[in-house]
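Worksheet: the structure to be examined is printed underneath.
By letter and in written order, the chains are A, B, C and D; residue numbering begins at 1 in each of them.
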Amino acid sequence: MKRTGVFVCHCGINIAGTVDVKKVTKDLSKHKGVVHAEDYVYACSDPGQNIIIDAIKEKNLDSVVVACCSPTLHETTFRNTSKSAGLNEFQCEIANIREQCSWVHKDMEKATDKAIKIAKSAVQRVRRNEPLEPISVPVTRKALVIGGGIAGIQSALDLANTGFEVILVERAPSIGGHMIQLSETFPTLDCSQCILTPKMVEVSKHPKIKLMTYSEVQDISGYVGNFKVKILKKPTYVDPDKCTLCDECTKVCPVVVPNEFDLGLTGRRAIYIPFPQAIPATFTLDIKHCPGLLPIACGKCADVCEPEAIDYDMKPEIIEEEVGAIIVATGYDLYEKERLTEYGYGKYADVLDGLQFERLLSASGPTMGKVLRPSDRKEPKEVVFIQCAGSRDPELHCAYCSKICCMYTAKHAMLYKHHVPDGQAYVFYIDIRSGGKDYEEFVQRAVEEDGVLYLRGKVSKVFEDKGKIKVWGVDTLTGKDIEIDADMVVLATATRPSKGADELAKKLKIAMDRDGFLAEAHPKLRPVESVTSGMFLAGAAQAPKDIPEAVAQASGAAAKAISILSQEKLFHAPTVAKVNVNLCTGCGMCVEVCPYDALSLKDGKVEVNEVLCEGCGTCSATCLRAAINVKNLTALQVNEMIKAALGG
Amino acid sequence: MEKVLLKKDFPQWVKKLESYTIYSPQKEGDFWNYEVTKNSEIIDLDYLNTVLSPKKIVFPQREVLLEFSTSDEDELKVNEVLPEETQSIIFGVRPCDAKALTLTDKVFGGDIKDPYYWKRRNSTTLVGLTCNTPPSSNCFCISVDGSPHSKEGLDILMTDLGDKYYTESFTKKGDALLNLGKALFKTPTAKDKKDLEKIKADSKKKIKRQIKETAKIPPKLKDMFDSSFWDEESLSCIRCGICTYLCPTCHCFDMNDEVTSSSPIQGERVRTWDNCQFPDFTMHSSGHNPRPDKASRLRQRILHKFQYFVELYKNYQCTGCGRCISKCPVGIDIIEVLEKARDHGS
Amino acid sequence: MVNLEELKKEAAQILKEGKVKYIIGFQRSSNGLLPVPAFIKKPEDVEKLVWDPACVHNLTLFLQDDKNKKTKEKEPDERPVGIVVKGCDSRAINVLLQEEFIKRDDVYILGISCENTGVLDEKKLAKKLKGKKAKKAEFGEKDDFVITTEDGKIKIEAQEVLSERCLECKAHFPVIYDVLIGEKTKRNVEDPFKSLEKTESLPAEERWKFWKEQIEKCIRCYACRSVCPMCYCDECVADTISFVVTPDTPAEEKAQKIKWLEKSPVSSENFVYHFVRAIHLSGRCIDCGECERVCPLDIPVRFLNKKLEKEAKELFDYEAGFDPDKPSLVSSFKDEDPEDFIK
Amino acid sequence: MAEEFEPKIVAFLCKWCSSAGSDLAGVSRMEYPPNVIPITVMCSGSVSPLYIFSAFNKGADGVLVSGCHPGDCHYIKGNYYARRRIALVKKLLEYVGLEPERFQMSWVSAAEGVKYTQVIKDFVQELKPLGPQKKLRRTQ
């Protein structure tokens, strides 16, 4: 029988106000195996902790229950307290009698009774706890960054500049992400390409960065400190070392397809370079649109390629790498056209999304920086900007706020006015969210200096009429109906997790939130960590965010990754699954359910890879013979806890 | 005391026994079992053998031996729970099952008497019924020193003579029952006696199954402990507990503390039937199991009944009711096993 | 029509060739209608093999004994065991393969098709014969059974005495086999869960009354578990009539044994036992009906398994024993699994 | 007047969502009836059917299993296995005639203190008219 000490915290009146802590202490002191029970006003205070330490030493306690606040708060505190008194830290358990009891009940008698049951249940559990030592694992000192947008670039550079090797994987032919498509950036209006391309070049030249464009992560196994990654390198059919960027190939290529970089506002050939500053600077043959790789099918590009850079026999390659940490920076995509038909998006050529408008504004864009309507290349004189197109609309679209749209719409309207000073910009908005350094001032500038007309309200109808796009709406501040004969409509379309992020999340075994963004481990305290240790999140993959936020999170993620890579060894929670080999029949059902591939069959019995195991216990509920249990929360312990919870 | 009771008067007699708790064979779906009789009219003595023998009434599958609890001052209180002494009658006891109780009597009697068993046993009156025709196709009482009209263990034996029961009482307990229905009982005529003799004689002839030369078996078994015979015979055994739980003579039990509350401690010490066919029956805490497989457990069942018990009590611990044969899921037939053992190696 | 001679020939052949260690089949019992398991080692003994409508047993149960024996032996005979299986039994083999309890090479499957009938229900037959004792049952010419009684032979329509599960059978011929005897006949099962209707349609309180009466009868002889080919656990979690303890088992592990239920055969404890058995057989039970047949107290335990079989089919489109390569019911899920019961 | 029946409920809460959600209810000082004793497990996927049978056997009037919303599981997919397993357990218990209200499952995220409060309130309300659960509890 164990010698358990129970410490009941008053938490001032937070607990003692509704729970009779004296009674809890008295009742627990009579519980089998409890040799010491004491209450104290603030157990987490220094004197409170000293009481625990003294009792452990004096009464020779081998296990401790602290009945106090939620274990998410002080479990570590009290485990360390126990440890400092010579106890194994896993011999300390918390009974949550504050959040789950005193704070939610008023009836003192009933709350006290409940607190007793909660505390007894913790005593029953700790009685069967075994002393555990954290599990240590060596670290592969290399990182993988998935996604070559600004966030991925920043993370990769931070890691590389600290001295760690980085593999940067990007599925498109060039890095740069969406930022490279932008014209100017708020609130400073500096040229997006001008500030991004130096970083892109740095990536391409960095000796510690292995850049893999046109590549995708195919499979991941392993665990924090020791991941094994399989990367699929898709063939570009162009040898970048030989390609001289002479551009002869595109002249003969017979195929024209919409240019992704300009969001379909221009076309490109099947062989192409995404944009002039692309990194790596090389052409890519888009096999999906190429008439065929056989010279009989077409072969024109190879015919004209003097350096013979084009190689139709290039094959997809699978490259295996080992890394210690992973940063996921898969970014965002705009809400699909098909899902936002009410604004004529995808139907009328002059209804554009934000990124298309960025291209129109860009000096390197399809109109060479002139704002012209795609339909007739005339300068639009009346432009309506509609905010929250698809955002903040839980009934029909996305419930969340896409966050960046208020600011970029102000920027769009402002830049439009700079290009077309005699034009009129209208902005329909629900409200303006301009939290951020110099952001509010920026919006004010758009209104005051550039005369952008902000209309608070929703647009009810958008339709084409005699070459104009009619926009009907209501100004909710004046209550007046508004009808605008616009030349162009720009939608601040909702941002969505980038396509394929869900599949990647499944491969990485990291969780997603209900909107499909990657889930952080804790919304406040662990915002750059994923739920899987060793994997970190950066940029808009986690939630919509603007460039400075993405960069900040990217550096944060890099710092987190560095904190792993700089270790000699890593420690892992030892509350992992344990197999009773006598009972195991090797049916493999637990192997199938394990979310972490931590279980495997060997000689007809299951083995636990303790480093991979996160201790979720799904195996134990699946096992028909109770042959597998999570240490310190075994079925036996739960059984005892149920008994205690029911007063038995 | 020997009397005759008209069948039509039988319910009236039962009515006069109201002060007793009365058990009788009752039909539950497709089978019969002894249950408390709620209505004297419905006692039907035209029944096939019950699934469980009346053993379950004097030696229930579960009984509380004592209660325990701790007080606030951590004092342990123990309270013996003896069965209530309710006078009861079991109607329709087959002679084999009655004989079986005389065997369990030996086990629970001896130097130390089991108070729980005897409280029930002494307050129970057994009213038997001659098996005019065998109640089971696997009856073999004759082969184990029994008979379909044996009075062993019975207080009263009734024999169906068509429209009346020939009623013989052998004990004071039996006489008491007859006296309660005094007016209903008549003195048997010479014809009644003659009919009785004929029916009893015929009843023996109707037993179709038998073990030949049973007496040769116990000495033979003595040398068969290490024989591979048991491996062969137990090949199809599935390790269930039917044969022993249904056996009227098996009497092994287990004791467990059933704790209903651990703080403060509260609970009961409970005795339940146990079963030598279950692997944990002989499992040592060390992990060693002297009877590790089904062969050794089948051997135990046979040796206990036909060697050890015979050596101890000069009786077979089997009364030929045939339950284990009829209900074995894989047709293991104790008659066959015994005969094979008898002829083994000769 | 199943030709028994074909079975005997095949059996003799594989024994002669030494392809199998021994053959588990059916043989006539010295007493009673039901044939009993036969373990045939010599080719000349194949004459003992029988096949008739009373071959109710699911012999795959005995693969447990074979496996246990093999694990104990130093140099076990690794040859397969020949085993005679019906359609339902063959699905048990698939589940055992799925759970890696056996390997495909461990068995040489002598599959027999039930064709248009199946096996009989002894109780139904007894009622039909009104007390006459049946000695032997044979397949008749036309979907009927020929029953030999004390008074001679009677023909009975198979449908009248077929066991309930055969009337609801989804695999009346083996789904996995090395040799198939008989034909893969076509047959329509209107409602594979018809027998459940009676209990399912009861109002909740009536249903409770029904089940309480049934489960209360249980004497915990564990015949239902013992006869089940899927209950191959060395130690059952539901209770500990068998402990898997070896001389090397540490004291700590012995102390970890959980008493989920008491040995007392009372309603509450019996329910835990039967619940655990039912839930652990969900997605694994192949409805051979043996548990119900062997119950000495006639508890309709099969219904509990059948109910979950039905739910598995209806909620998750899962059927046990058809595909050994699929993950089992509870070790898999679909994104669209129903959750209307969740708040 | 007889004292009102107070059902005893055991709630298996997953650590990351439902237990955190109940913590949030606490932090927000939401009030709900004290009939539930929470047992925090790592994941709803770790709740064995035995826990549920055992809780009823030991006298629970109601049992709740609560986990993360689909797609939201800290362990990626534990709650999907739970969903399937619990569905089967629920069907079985109802089949033998246990009142469906007695065994419930809910998805409560770490942000859903309000929902947790409501789940408990509703549960207690639904159990009160049923009275004590005697069907499966150990007879004493």
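By our rule, contacts are C-beta pairs under 8 Å (C-beta built on N, C-alpha and C of every residue); 3 or more make two chains touch, one makes a residue touch a chain.
Everything numeric in this text was worked out from a predicted model, so none of it was measured.
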Comparison of B-C and A-D (more C-beta pairs in contact): A-D
Chain with minimal offset from the mean of all protein Cα atoms: D
Separation of chain B from chain C, taking each centre as the mean of its C-alpha atoms, in whole Å: 31
Centre-to-centre distance between chain D and chain C (centres being mean Cα positions), rounded to whole Å: 35
Centroid spacing, where centroids are CA-atom means, of chain A and chain B in whole angstrom: 72
In chain D, residues with contacts to at least two other chains: 49-50, 54, 77, 81, 85, 138
For chain B, residues that touch 2 or more chains besides their own: 260
Residue list for chain C, restricted to those that touch at least two other chains: 237, 245-246, 249, 260, 262, 266, 330-332
Residues on chain D engaged by chain A in the complex (per definition of touch): 6, 8, 10, 16, 19-20, 22-27, 29-34, 37-43, 45-51, 54-55, 58-60, 69, 71-78, 81-82, 85, 110-111, 117
Residues of chain B that touch chain A when the two form their complex: 72, 74, 260-265
Chain C-touching residues of chain A, taken from the complex the two chains share: 128, 130, 580, 582-583, 585-590, 592-593, 601, 604, 622, 624-626, 634-636, 639
Touching residues (chain side chain C, partner chain B) in the complex: 29-32, 34, 36-37, 39, 57, 61-62, 65, 123, 126, 133, 217, 219-223, 225-227, 240-243, 245-249, 254, 262-266, 290, 293-294, 296-298
Residue ranges of chain A touching chain D (in the complex, touch as defined): 70-72, 96, 98-101, 103-107, 110-111, 113-114, 117-118, 121, 506, 509-514, 519, 523, 531, 593, 595-596, 614-618, 620-622, 626, 630, 633, 635, 638-639, 641-643, 645-648
